[in-house]
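Naming follows writing order (A, B and C), and every chain is counted from residue 1.
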Amino acid sequence: MSERILFRGGRVLDPATGVDRVADLLVDNGRIAALDATADGARVIDARGCVVAPGFIDLHTHLREPGLEYKEDIESGTRAAARGGFTTVCAMPNTEPAMDNRSIIEHVLRDAGTRARVRVLPIGAVSRGRAGKELAELGDLAAAGCIAFSDDGAPVWDATLMRRALEYASAFGLPVIDHCEDPSLTGDGVMNEGWVSTRLGLRGVPAAAEEAAVARDIALAETTGAHVHIAHVSTRGAVDAVRRAKARGVRVTAEVTPHHLTLTDETVAFGALGGTELVYDTNARVNPPLRSRADVDACVGALADGTIDCIATDHAPHAVTEKLCEFDEAACGISGLETAFGLCMRVVHERRLPLETLIERLTGGPARVLALGSRVPGIGTLAVDAPADVVVLDPDAEWTVDAARFASKGKNTPLAGARLKGAVVATVAAGRVAHESEVAVG
Amino acid sequence: MTSVRATEARAAEAPPFATGSSDSVAWQRRHLLDLDDFTVDELELVMQTADTMKEVLSREVPRVPALRGTTILTLFYENSTRTRSSFELAGKVLGADVINIAASSSSVAKGESLVDTVKTLQAVGADVIIMRHSRSGAPYLAARVVESSIINAGDGLHAHPTQALLDLHTMRASFGSVRGRKVVIVGDALHSRVARSNLWSLTALGAEVTLCAPPTLIPRGLDAGEGTLPPVHVDTDLDRAIEGADVVMALRMQLERMNGGFVPGMREYSRMYQVNASRLARAKPGALVLHPGPMNEGVEISHEVAHGLQSHVEEQVANGVAVRMAVLWLVTQHGRRRAATETE
Amino acid sequence: MLDSVIMSPDDVRRAVMRIAHEIVEHNRGTDGLVFVGMRTRGVPLAQRIASAIYAFEGVAVPVGTLDIGLYRDDLSRRGAAVNIQPSDLPDITGKRVILVDDVLYTGRTVRAALDALIDYGRPERILLAVLVDRGHRELPIRADFVGKNIPTARNDDVQVRLEESDGDEYVRVAGVAGAEVSR
């Protein structure tokens, strides 16, 4: 049940409303009640020295339910989300079976209603069975509550199908989120193509595999006037293409993951802790692959200047055995919800991104991309009457990543043992405490 | 007096009392995965040890009890009679028990994971697991999950360290140090674990290495700079690249590269990149011709060169046993050194 | 704490000379003799003995070198160097082989050397010459020619240094006082 909660003494930082000052924030009855409030009898969360911000929104989460509950389920996935400061997650449809029809969406929403710690918004498949052949019933999916369409995990490879999907979805005001990859250029590639892939003898995926697909999607968005959202942008060329398209008014938006913002392909070779011994870290196998330093720098720049609209985790939990194997055989993906904030804070501590911008790209940014405010008024803000989705952050708290303690079933992180500076102290979702840091950080 | 003098003469070129200084070369490796982090001293130690093994092989009855009681398993996920039997012979000459496991005949075929397989082999008492695998990095995974020594007998496109060591041994047997020598590696370097391992050892010892192939078969990122990949020259013109070479190493050209669109066809490839007599004439007189085998005669190498006076292909095979004996000896001493409590 | 020089360079020289004479006397000449020095310090000792014999007999006895690294058993290999070098032996079949080493201790390295020698041929007989016998045998092996018997405790450290291999020359015992002394 939602509580009366007073966040006392924190730096209230809400990019959407422009508030940035030390204040007491009161939530009540599942809504933001007042700023500078005092409230007798309310539960008090001591936020002194911390930042109080809107709860994070993740446009790209693999909750794996239905069908792949051995990797993750709605309960564990949303618990992980809460621990990562996320109060809204958008569930990707690459489940078993795929979320390509109304009844599955209703099932997911019903399940989420009883077992989710945070808000779950479903993304419907673009094509039936995500097979890339025929459109799914997008109208029915929209009516069931989908907030976007995607065949994520795979690109919508047929350009005509993509065109039709964009056109058709625009009738419901919903975008298509595309996993941009030209499979004929990817070939057998398993990591970024460059000196690291040569060193490891692993087949490379050229940046062009992503850039060619991004260019195609931009052309289709321009042709149709519809909104395309580019999932997990990872290369300098893709970022440049989005920047140029936005400049001429194309309806294109983009997201970047915390790992593409911070880790390079060298992580595959040497691990996130560095070193000189080769580790072939399967936990760093992800699609799109971790890229070069120049690509990472381009993503940071694009996130700062707004070319990239938001951060999305692409949280992709897997079972241990799917990663404890040869690199070529390993599943793609990183369990990212619980490390997202701390990892992104690296860029802030390196003074390459203001904290205010980071918060915006985790809150207002994603809400704007999917126009979530029309569905959940006030989402991603701390405006009065907005949903009581609040996160308390300690930007300077240092902690060591221990995958064994993840709430997510997916322990697959290349960051195990890494030190992160920036922690989620508490998460309140819809007026309920969804997460409170068990150890005092600071 | 002759015999005394003979010993003294040898002493001048390789002091028989050099063990004092060689003792200072620490061998800390339990595994042999690649040569990428080998020091010059370590490479020298392997070469020197291989010389000793050659002496053993030259005996009437080439067998010593050095590894008596040691169990060596060969675990080959790819067929390679040549490499497997070379290791098998090396182990047997040293007195070890060698058991061959063909991956297709074991539970591997039933879908057992690599991790489970090597753990099982460790449990049955493998001191050394010699592994050939089609996936790059597979021996690194094995080395992380077992205590047995892992020797990489070729992993995917990544590394084939014993092949590079035997290539080095063959070169040194011909002209001593490779420092300043020009080595041209011709062919599909992109898909060649032999080329990759050779780059590390040859450049560490100061050789000048040139990769020569069509651009589609040259690995990416060779110009990424210091701390990334070994320094190497790239040339797409074999007639130019082979000029003045001390060593010409031809790589196997596989038919499927043509299907993959890397080259238009074998006819054009062999016309442009075959090591033949007229091209070899541009190399230094007496330049060594090497090939990791098996050869596609008429494709990457002409029949006459493959079997000509400058071909050292058979010597490579013979050196392979000595070098693998050296590697087996060295990695198995690691554990014993660790257990050392007393000295005699 | 016992730590003392047991043999000076002159002591070593005299011991080598005496062994050389004993060998020739025992063998009634130099016919059929072959010296095999065990690496490391057996090699210069064998050469010194051969040189001494050349000086008073005018005969050059062949000298070979033997590396027993590949013949050690597990225990004697403990702490041994990984470094091994090729052995270099003249034909030993039918010869009287004088195996030469610096220190005789447990006998295990000599056992290894015997195994190695037999792999190279079939000598008529094998005799053993050592500069120092420090006791504590673990195998039924004895030296035929001994430079000096030195009683030691098991955990004493007997250090032999020779000019050719070490750039210095002495025999020293470093050990713990009160330890059991054996002959």
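Keep this in mind: contacts are C-beta pairs under 8 Å (C-beta built on N, C-alpha and C of every residue); 3 or more make two chains touch, one makes a residue touch a chain.
In this text, all values refer to a predicted model and were calculated from it rather than measured experimentally.
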(message) By the touch criterion stated at the start, how many steps lie between chain A and chain C on the shortest route?
(response) 2
(request) Average the C-alpha coordinates of each chain, average all protein C-alpha coordinates together, and give the chain whose average is closest to the overall one. (result) B
(request) Go through B-C and A-B and name the pair with more C-beta contacts between its chains. (result) B-C
(message) Distance between chain A and chain C based on Cα centroids, please, to the nearest Å.
(response) 74
(message) So the centre of each chain is just the mean of its C-alpha atoms; given that, what is the distance between chain B and chain C in Å?
(response) 38
(request) Report, in whole Å, the distance between the mean C-alpha point of chain A and the mean C-alpha point of chain B. (result) 46
(request) Going by the contact rule at the top, pick out the chain C residues touching chain B in the complex. (result) 39-40, 43-44, 47, 50-51, 54, 60-65, 67, 69-71, 74, 76-88, 90, 105-106, 108-109, 115-116, 119-120, 164-166
(request) Could you pull out which chain B residues touch chain C in their complex? (result) 1-4, 7, 10, 16-20, 22-23, 25, 27, 45, 48-49, 51-52, 54-56, 59, 61, 63-66, 69, 94, 329-330, 333, 336-337, 339-344
(message) So in the complex, the part of chain B that touches chain A is made up of which residues?
(response) 33-34, 36-37, 113-115, 133, 135-138, 140-141, 155-159, 193, 196, 219-222, 224, 228-229
(request) Over in the complex, which chain A residues touch chain B? Could you list them? (result) 193-204, 276-280, 321, 324-329
